[in-house]
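Right after this note come the structures.
What follows is chain A paired twice: with chain B in the first complex and chain C in the second.
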Partner chain A sequence: MAAASLSTRSAMLLSALARSGSLCSPSGSRALHVTAVCCKNHAARVRVGKGDKPVTYDQALPPHYIGHRKGWLSQHTSNLKGEGGAAERTIEDVFIRRFMFGTFHGCLANEIVIKRRGNLLTVCALMLQRLPPMKFYFLIGYTETLLSHLYKCPVKLEIQTLQHKTVYKYL
Partner chain B sequence: MASHTSKAFLSLGRINVSGVGLQKSLSRATYATGVSTHTGGGNKGHPDRGGQRQGFIKKQRRTSGEPRTAKMAVDQDWMSVYPTATPFRPSAVPLPVRMGYPMKGGVPPEKMGNLELMKIPNFLHLTPVAIRKHCEALKSFCTEWPSALDTDAQCDEHFPVKVESTDYLSAAPSLRNPSARVVHLRVKLSSLNLDDHARKKMLNLVGERYCKDTDILTITAERCPLRKQNHEYAMYLLTVLYHESWKTEAWEAEKTVADMEDYSWEESPSQKNILSMLIRMKVAGEGEEEEVREQLLGRKEVQEYKNSVVRLRNEGESESTILQYKEAVKKVLNL
Partner chain C sequence: MAAPMALRRELFSIGRVLSRVSHLGPRALGACSPHIKCYKIRSLLPLAPSTSFHTATVLPSTPSPITVTEEPDALFQRVSVLVKGHDRAVLDSYEIFATMAANELGITQNKVYEPPKDMERLTLLKSIHIFKDHRVQYEMRTHYRCIELSYITGCTAQVYLEYIQRNLPEGVAMEVTKTAMEKVPDHIKEPMWEEQPVDDKPSQ
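Moving on to the complex of A and B:
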């Protein structure tokens, strides 16, 4: 009796699992898990909430407005026709953004804008006035020196400080 | 109080982490200081704490001074504010610019803290006054254009060989670009001293590189790694082509009719046909073959026919050539 009930239960379990779309034996070996497709775009969008979430201009506009209502955060010639080095510049950009986020932790008010003019790399950032100016100066010098040595090109930081973050709208 | 608020923040943080993995990576990659409008950690003092702590904080925390725009005179030297290409600084530009898509019933966001203004390249360092000053400074390094070379024809006459190469500049740490080694050498064949045979031989040797409409021979050299080497190779090719086209080799005597560049009427099927037809029509008087031939060839209509055929063959078919041919045929055959 007990065995029969157990087998029926395991059969029900298996059928339930099969219905959910995964084929796996009760012992838990590797298998293919499939879920239904969610036909929604989630890239770089802030979902509308109750109206108490302050959002900057850059965050508020989804990515299909790039080129129409938004500019580009990073500019270099590698994305033009016949030019090379796009991958290297992209990797540099990603590293610089993470580096800035970590060095000026909690002070960044908005995204970082990276401009390249020939050899010169200019990193523009908006900061909040959370640290005393001496600390800011030290961190700026430290970042510039370290990044210059890392990338073997002159790196300049253009920092602007604000009291509060500029809010575009509340979502 | 502080502990209470910090606990609240911690709990918020935990909720974030246990949520969707995507959000977590988002918050890591972007700048976010969380979602609070709270000014942040600088303001550690609380009204509940002792006055000593407050005073200490007040001394440390400096208020920011007024922006530079408030101290600018109307007739200041703008070049000292923006001497080189720099990103937009709202505290240094005294213009009330606004940028961004406005909210409904609103205006574009102002310049303070506006990232859009920082993203775009600005030309504030290139005012007309600045450009004039740059030109003045550069004048001492410039020399006048020679007055004898005021037209294109003059330039072609004195400098018939033109060498073109491109330099590439890109926003990268490296200067090197492999396409910078390509050299184009252009020369007009009319400026080279070639007789008829030499010209035909040159055209045969050169093939695709010659443009008939402009009479320009273009030699492109890109097989060497350096531009200097490519330049020297192109000059060498030009020299060799010139000298070779003047030489006549023994095997050139085997040139057949199919190799000829221009159509020549003498000894051609067209000449034979027209002469045989005219002889059969008995246009000329009776006589020896040779004499009759000479007579016919001397005739005006036959000469016209010859011109029209040569023109048709050499220039191709067009309205005027076909009309000319028609007239000539009508005259020759007395139609």
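Moving on to the complex of A and C:
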């Protein structure tokens, strides 16, 4: 609301200046540049802070580097030209990410990579060594069985474990 | 269908874990009392900086038997394989793989080229409420690669395409266009006026 009134006031100012400018100086013209509240881009970006926040490579790079310095977290063919099923794949991806986050609580080191090849759904994840291996094996088998029953397709989990999160830089 | 395979995989993984634990067992048992065995084993295991779990098993597939039929094989004048993907590097490596496979099988390649990419752009409002002047633009790039094979038989085409398709990387789609060659039918081979010159026209 305040922004809208500001923009109308700025528009009136601009028009007034333009009229006065055309009368007095035909060669050059000065104008007032005012914008409404300029929304900064916040999508998928970690804001720079004091330098104590550890950030992984994936989190540090903003989304305009996808395809240049970043890879894709979810690989399927439905976003290509002439292919369908994009909405269903996106919903499946969101569900799988939340499910993995909840099942392996506090153990995920990085974002989950989901790959689809034919009927097969492969979920690749990096985990921290916070649970004993027996519990890990049980959770992996449980996840695979449950997801394959839910989505009626073979689901495979490829897990790699690390001791600590890999930090790219501190922001 | 997924349930028995998943159970089998679980049994395999449990079996492997048991075998690993049992081969470490005698060493650990000698070192400590049985009721704190599990913790001792855990500290004896060298905590590797990165370990992967052995869960991915190869699903066994029976190869299809070779059949011999009397009917003649289909002949294709041209088989064009168009691959689409978001990543150009992936398509580059896939092209190297497909051309290598074709050379090994002795298939002649007409041409391998790259059609121009398609960009699908969306312009959306940046904010959830008002601020119509501030928009955000997204684009989805689709890169193409086309491999054309010429003068190929049906069996060779089937084998080659199955091999290529089994090794399609994720995030890459394929479209195959086949142009078949058929024998010219007998009744239009010879022009009609040369066959029956003796017919007397009744109107005469």
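Basically, the second predicted complex is superposed on the first by the 134 of 171 C-alpha atoms of A that agree within 3 Å, B and C clash if a C-alpha of one lies under 4 Å from a C-alpha of the other, contacts with A are read in each partner's own complex, and residues count from 1 in each chain.
Convention: a residue touches a chain if its C-beta (ideal position, glycine included) is under 8 Å from a C-beta of that chain, and two chains touch if they have at least 3 such contacts.
Keep in mind the model is a prediction, meaning the values are calculated, not measured.
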Contacts of A:133 with chain B and chain C, given as first, second, both or neither: both
Name the contact category of A:144: first (chain B only), second (chain C only), both, or neither. second
TODO: Give one of first, second, both or neither to describe whether A:117 is in contact with chain B, with chain C, with both, or with none.
DONE: both
Request  = Answer with first, second, both or neither: which of chain B and chain C does A:97 touch in the superposed model?
outcome  = first
Partner chain(s) touched by A:160 [first = chain B, second = chain C, both, neither]: both
In the overlaid three-chain picture, which partner chain does A:109 touch, first (chain B) or second (chain C), both, or neither? first
In this superposition, the partner of chain A with more touched residues, chain B or chain C, is B
- Counting only touches as set out at the top, which of chain B and chain C does A:83 meet: first, second, both, neither? both
Exercise for review: Check whether A:72 is in contact with chain B, with chain C, with both or with neither, and answer first, second, both or neither.
Suggested key: both
For A:64, decide between first (touching chain B), second (touching chain C), both and neither.
neither
Chain A contact set shared between chain B and chain C covers 72, 75-77, 82-83, 115-118, 122, 129, 132-133, 152-153, 158, 160-163
Touching chain A in the complex, chain B uses residues 22, 28-31, 33, 35, 37, 39-42, 60-62, 64, 85-87, 89-91, 100-101, 103, 109, 112-116, 118-121, 169-174, 179
Counting only contacts in the complex, chain C reaches chain A at residues 2-3, 5-7, 9-10, 13-14, 17, 38, 42, 47, 49-53, 55-56, 59, 84-87, 118, 120, 126-127, 130-131, 133-134, 136, 140-142, 168-173
Seen from chain A, its contact residues with chain B in the complex are 42, 53-54, 56-59, 61, 65, 69-73, 75-78, 82-83, 85, 88-89, 97-98, 101, 106-113, 115-119, 122, 124, 126, 128-133, 151-153, 158, 160-169
Within their complex, chain A touches chain C through residues 3-4, 35-39, 41, 43, 67, 72, 75-77, 79-83, 115-118, 122, 129, 132-134, 136-137, 140-141, 144-145, 148-149, 152-163
